[in-house]
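Order of writing sets the labels: A, B, C, D and E. Residues in every chain begin at 1.
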Amino acid sequence: MASLSIQNVKKSYGSVEVLKGIDLDLEDGEFLVLLGPSGCGKSTLLNMIAGLDTITGGEILIDKTVVNDVHPKDRDIAMVFQSYALYPNMSVARNIGFGLEMRKVTKEERERRVEEAARMLQIDHLSDRKPAQLSGGQRQRVAMGRALVRDPEIFLFDEPLSNLDAKLRVEMRTEIKKLHQRLGTTMVYVTHDQIEAMTLASRIAILKEGEVQQFASPQEVYERPANMYVAGFVGSPPMNFVPAAVVSENDKIGVSIERTANGSRSSVFLPLPEDRQNISEWVGRDVFLGIRPETLTHRSDAEMSLNTRLQAFDCQVEVLEPTGADTLTYIELGGREVIARVNPYNTTEPGQTMAFMVDMGKASLFDPKTEMRI
Amino acid sequence: MASLSIQNVKKSYGSVEVLKGIDLDLEDGEFLVLLGPSGCGKSTLLNMIAGLDTITGGEILIDKTVVNDVHPKDRDIAMVFQSYALYPNMSVARNIGFGLEMRKVTKEERERRVEEAARMLQIDHLSDRKPAQLSGGQRQRVAMGRALVRDPEIFLFDEPLSNLDAKLRVEMRTEIKKLHQRLGTTMVYVTHDQIEAMTLASRIAILKEGEVQQFASPQEVYERPANMYVAGFVGSPPMNFVPAAVVSENDKIGVSIERTANGSRSSVFLPLPEDRQNISEWVGRDVFLGIRPETLTHRSDAEMSLNTRLQAFDCQVEVLEPTGADTLTYIELGGREVIARVNPYNTTEPGQTMAFMVDMGKASLFDPKTEMRI
Amino acid sequence: QPTAEVLHYWTSGGEAKAVKALKEDFEANGGKWVDAPVAGGGGDAQAAVLRSRVLSGNPPAAVQIKGPNIQEWAEAGALGDLTQLGKQEGWDNVLPPLLQDIVKHDGKYVAVPVNIHRVDWIWINPEALEKVGGKPPRTWDEFNTLADKLQAAGIIPLAHGGQPWQDATVFETVALGIGGAEFFNKAFVELDADTLKSDTMVKVFDQMRKMRGYVDADFPGRDWNLATSMVMRGEAGMQIMGDWAKGEFIAAGKKPGKDFLCIPTPSNGGYILNSDSFAMFNVTNEDDKAGQTLLASLILGEKFQETFNLFKGSIPARMGVSPDKFDECAVKSMVDLQVSSKAGSLVGSVAHEIAASGAVRGAVLDVVTEHFNSDMTSEAAVARLAESIELAE
Amino acid sequence: MTDITALPGGKSPWQSAARFGLYTLLLLFAAYYILPLIVVLSTSMKDLDEIRNGTLLSLPAEINFEAWGYAWNEACIGVSCTGLKPYFWNSVAMTIPAVTISTLLGALTGYSLTKFRFRGANLIFALILFGCFIPFQVVLLPMAQSLGFLGIANTVPGLVLVHIVYGLPFTVLFFRNYYVNIPDDLIKAATIDGAGFFMIFWRIMLPLSPPIIVVTVIWQFTQIWNDFLFGASFTTGGGQPVTVALNNLVNTTTGVKRYNVDMAAALITAAPTLAVYVLAGRYFVRGLTAGSVKG
Amino acid sequence: MTQKSIPVKQPLLDWLRRNVAKLVVAPTFALMIFFVYGFIAWTGYISLTKSKMLPTYSFEGFYQYIRLWKMTPWNVAMENLLIFGSLFILISIVLGCLLAIALDQRVRAEGFLRTIYLYPMAISFIITGTAWKWILNPGLGIQNTVRSWGWESFSFDWLINSEMAIYTLVIAAVWQSSGFVMALFLAALRGVDSEIIKAAYLDGASLSRIYLVIILPTLRPVFLSCFFILTHLAVKSFDLVVALTGGGPGYSTILPANFMYEMTFRRNQIGLGGASAIMMLATVMAIVIPYLYSELRERKHD
């Protein structure tokens, strides 16, 4: 276990700057998820932590020691690769034990540790198989085993679940979570799946084009996204952005939005909760109102009576998308298509008007110019 | 547009029977989703509908005509492949127009239709690119365009979204849905993603090992799964199966489940709603109680007062998995790990006891022997 | 127009000039010459071509083959009949009987001989000879003495190329010299097992072992003409080779008797004969037939026999050609031929496929060359020779 | 492979020593491979005196292309002194159709075997493939008979046929292994689009094939151009390919042996295949990856 | 939209459509059946006759085979094939592999070196044979050159030494083929998943370990391909002997192909030649058939 500190790290391939100065600080035992779209430089950063790629600028510290010039094998790091990178010619047991073999661990000790890791991952019955004879999920476990057995200072995961099917992905996600809870080792995990990021991370770093957009806990990222990019990237279905104007009505500051109800267009005023009344300088200006689909749902008087931040309005339903547990209901707000997450029992037909409520306590406002959170 | 009828269709490769007698009937304009795990024979069936694979037994009828011996190109079917199967050597426009070219449509007509399709899919600015120069989502659109432009009787889709990332998948799903609403063409869609199936289908056929498990509307499949396989396959997180005993208490038939509360074990009785009281022959026998995570949630007295089928109980929380919109809460019921979907604001710490409620109106009972729905 | 496709392997030195002379003569007489040279290996490559041409039903009109091969092709019915032309031109009267035997099958002419080569020549560099004060050897013992002297003087005694047919060439001159003509024929024509295993044969191989000692280290694979030029340059004292070697000397502007000496290898008036001939294959085309007739009659014509053999270094196949223009070596060859023919010491070459069929020749070559290139004992070689010849039949 | 030399902590003096050793090894072997070419090239540019007096490995005193011109235009092959020129064009006339047809047939066959897996396709492939291993000497005689029967013995078309036949196993092998990796979905898509067998081949498969076409063409071209056995056995006289003429030329001497001419002639004979390798060698390696190596 | 109807069946057209692939394969297949299998059968039959100058067709049993195996040159040829073949294959693979690994280290001028290693494949031995003969000839080539540099006792006379001449064939054959092997290996090395190498680095393996323990074992298919390509080259070798040693000294360097050629064409022993050809084929088959079998079985599960 070790702390990890990344200080103004840069990376260029030729004239292309792939990482533009990354700063991240991790405590001992933290679980960092690097989240970002394809090509944003996640793998590059991970490779640099592992020492598999040189650093163009900045410093990487493990346990407060600069490791820029330390060879990968001396960094005491284990990594699980996206393609698993199992050695195709070796048996499962040999694959897992190879790192120990290279480090001259005695045969008995090695066998003991390999067996232990295999049992933990429930692949002990596969010890003699070759990787080609394993299913995707089993391969993934072997790759994990190879990292586990080493008992390193830091674990690195490069999209370890992206090759698995949806069902297995959920299972393995939970296992990784449990593993971290049990071992408490510092982990860095790369993914572009925001659900994985949310469920696993103690802190998330969201990258875009080689820059960190936000570095915070999952809850923070979800509830108070630093900018529209983060807000749109995290959450599925994504946050709705509704063009709105900040207005003051009856001494309350709120937003005014265009909407269609009963076939005619009109605007609706949604007051902001008490703790968000401090933005008087924005009155009269346009903003984006960010609403997550699950905070925009069918009107329930019972709940409204309990929570004063819930605000009701009517709107015409355009498309319905039942997903089983919920029905995604598409409405038009402020000229944009907006998704509401509605209980399947409370839906109507497309074209009908329906009563909605929105939790303004969980809404965000964004500056349309800078796209930053207000 | 055309109706499609699949009558006792069988397929064997050598001695391996891949499809074991499939019966499906589709009206004009329906959207059929074939859902099933990898290797269950979905692609095989689709290929047989398209005429790309011979039929070992049974008949396929398009518009009431047997097409078993009709060449694919004469069936007037368009297909979108999982790998997209774009012609790498042709430009986007050429790819889209190739089917028309082969059918000797005049150049002007062809260009007109290609342009129209490209505009509809918002890829008209990419006409001159080669597939290698496109992103995944763009390729997917081109593949769609190639099918669209043909204006066929039936569309076939073979996992068209499985190569896309999560975000894009959601977007494209909606577009396909809209497309179907606009064109009204009969569509057959293969996937192993149950969310896609639920949101797109007018009817779902769930396959397992070459046999249809259930053929019904998405709602029917979700709410009244024919057996535990279907119940477990559809829905994410999947339905919880809790071992329970059917008992009669105070003249009400219900189920009795073991659970942990306040650190000690006890059993809880959950009465079944009025309309499910007709299973007196099961009293005293063991069953599986199927509960979907979203119907098992934190106790809300407001809702319980409105809905009498909601039943409350306490239980000890084991693991928490926040996904942003909801927090998946793991509890132990009847000796099994059970997932409840809880609002992030209503969670406690692991190890604490929490009050839950379950919607027994949406619960299913299964025979542990046959695994069929009771 | 008379046309003749001529398949031959005369591509080197004097041979090439000689065949050119034939071509010019043929064309001067209105014929159309289609040249089909197949170089390499003294006819090895040509044999494959010929076989494939015959099998494909499209043989060349005239093919340079010789000895028992002619008989075998005739046996297979592949050769045409020139008897009529032969009668017309009186070949029976002008061809030596030995040659008639070679080119006739069942009493019919199927081929025409071009020349007579003598195989058993020693080519000597007179300067080298003078330097060691030796004189041309008349017995193999003298040969050995001379060779020893040359070796002592730092001159390679025997220029030789290590190719099976060259080894065999030396071998047959030794065999004739030590065993005599009767022995030679008994062994290699009648394939008499006792003779093959006789003590005389052991002696022959003993002499071969000596010869091996007179050869320089670099000999394996050397072409014969390179060996010849070693003699010319004085690097080596002697070479045992047929009279085609003379063509090399002449082509290099050397004069017989002055710049080089030709003497027969030691034998009791023996003469090893080699003769090139053209076999006329069955052709159906009238032009080709006319070409064959024209070619055959030209080849046996006095004029051609003279010009051709002057280039080639050999002597005419037909009798009655004036020796005036021929050099002293050739004249000696002509004289010796008559003498040995009468004395019955004229034999056909084994190495050059006159006396023995391809298979027997090959068997002999195998053993001779194996013996020459290893330290096999003479006894072992003799045993191997008998066995190998038996297998070849 | 990854750039292992650029790893952190990897720049030790030991590393530079290894690097030096690496280059020494590479250059040493480069010498081994290049030596015969240098010998041939330098000899072809020397004059006869220099050849006789100098050592074999010494470089020519001055560059002199006289022998080249002589070999091309004047050298004697048998009795005709035409140089290699006419034979060179014979080879061209033989190689081009043989390469084209065998490549095309190989492509079609490979396409049929992989994309239309009818029953027995694998067996047929195995049977065809076995043809790669047949020693050519074995077929000379029956081939001669067959060519005679077909009436194309001793003609260029006959030779073309021979080369097509014995080139086919290789071309089929290359194309099959390449086409196996092209997704079947592409064929299915085109079938649904209404394209027929040949249309798919022409419009989809061929445009995807350049890498393997390069490999096949290079392979076939060198094999056919360099062939000696068939050329020597099935042709005579003026119709011979250049390799046979080269052999005849080298063995034809009129007086002195002109080694410089022989070597120049050898280089002229080798020029087309050498050029192909130097110019397209890169695609060759690349195409091999795509075509014949799996795993 | 107009009503489109499903067309009626057209029997002939349908048949053609269904069978076009087979029809396309047919000519190639027919050519192979006739020109490969037919010819093998013909040769096989001829080997059972007493054919000499020209083929004859009267059956004689295994007479030629018995003769064949009694003949010293044939036994020498087979022995030579064994020595030459095993050395040639072994050295070519080791050298090709070594060079490929060396070239894979991001060396400068890789393209240039690769071309140099590869070019011998482009040239026939008919062309380079003379050059090799000179280089290996003690009086002209390396020995002479080294001696002229002053090392008088240097000796390299394998070409003219009947014990060693077979190794000169190996030298020249390796020269010609190892570049090709190198290309195959290089192509395969370029295809190795770089993540596997990274993983091995993290596991603490050194470069040589990585190649030895991880990369080379994964190249098994390439080794196999090379093995079969080289085997068939070895059995087919003919030009090489003709150009370099002419079978000599003596017949110490002949190979079965040369023996067969000599018997068939030079010694008018077509039957015997046929028998030796069949023995050569049997040698190849013993190696190739198991390979083809495993190759095609493996493919089934792709």
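We take it that a residue touches a chain if its C-beta (ideal position, glycine included) is under 8 Å from a C-beta of that chain, and two chains touch if they have at least 3 such contacts.
Just so we're clear, the structure is a prediction, and the values are computed from it rather than from any experiment.
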{"item": "Intersection of contact partners for chain A and chain D", "value": "B, E"}
{"item": "C-E or B-D, whichever has more C-beta pairs in contact", "value": "C-E"}
{"item": "Most distant chain from chain A by Cα centroid", "value": "C"}
{"item": "Chain A and chain E, separation of their C-alpha mean positions in angstrom", "value": "56"}
{"item": "Distance from the mean Cα position of chain B to that of chain A, given in whole angstrom", "value": "25"}
{"item": "Distance from chain E to chain D - Cα centre to Cα centre, in angstrom", "value": "15"}
{"item": "Centroid distance [mean C-alpha coordinates] between chain C and chain A, Å", "value": "94"}
{"item": "Contacts with 2+ other chains: residues of chain E", "value": "17, 55, 198, 201, 218, 220, 261, 264"}
{"item": "Sequence positions of chain A contacting 2 or more other chains", "value": "52, 72"}
{"item": "Multi-chain contact residues (two or more partners), chain D", "value": "2, 7, 140-141, 143, 196, 247, 250"}
{"item": "In the complex with chain B, residue positions of chain D that touch it", "value": "183, 185-186, 188-196, 199, 203-204, 207-208"}
{"item": "Residues of chain A that touch chain E when the two form their complex", "value": "47, 50, 52, 72-73, 77-79, 81-83, 85-90, 98-99, 102-103, 146, 150"}
{"item": "Chain E - residues contacting chain A, complex", "value": "193, 195-196, 198-205, 209, 213-214, 217-218, 220"}
{"item": "Contacting residues of chain E [partner chain C, same complex]", "value": "52-55, 67, 70-73, 133, 137-139, 157, 159-160, 162, 165, 245-252, 261-269"}
{"item": "Contact footprint of chain A on chain B as seen in their complex", "value": "38, 165-167, 170, 174, 177-178, 181, 192-195, 198-199, 218-219, 222, 234-238, 292-294, 302-303, 305-306, 319, 321-326, 328, 341, 344"}
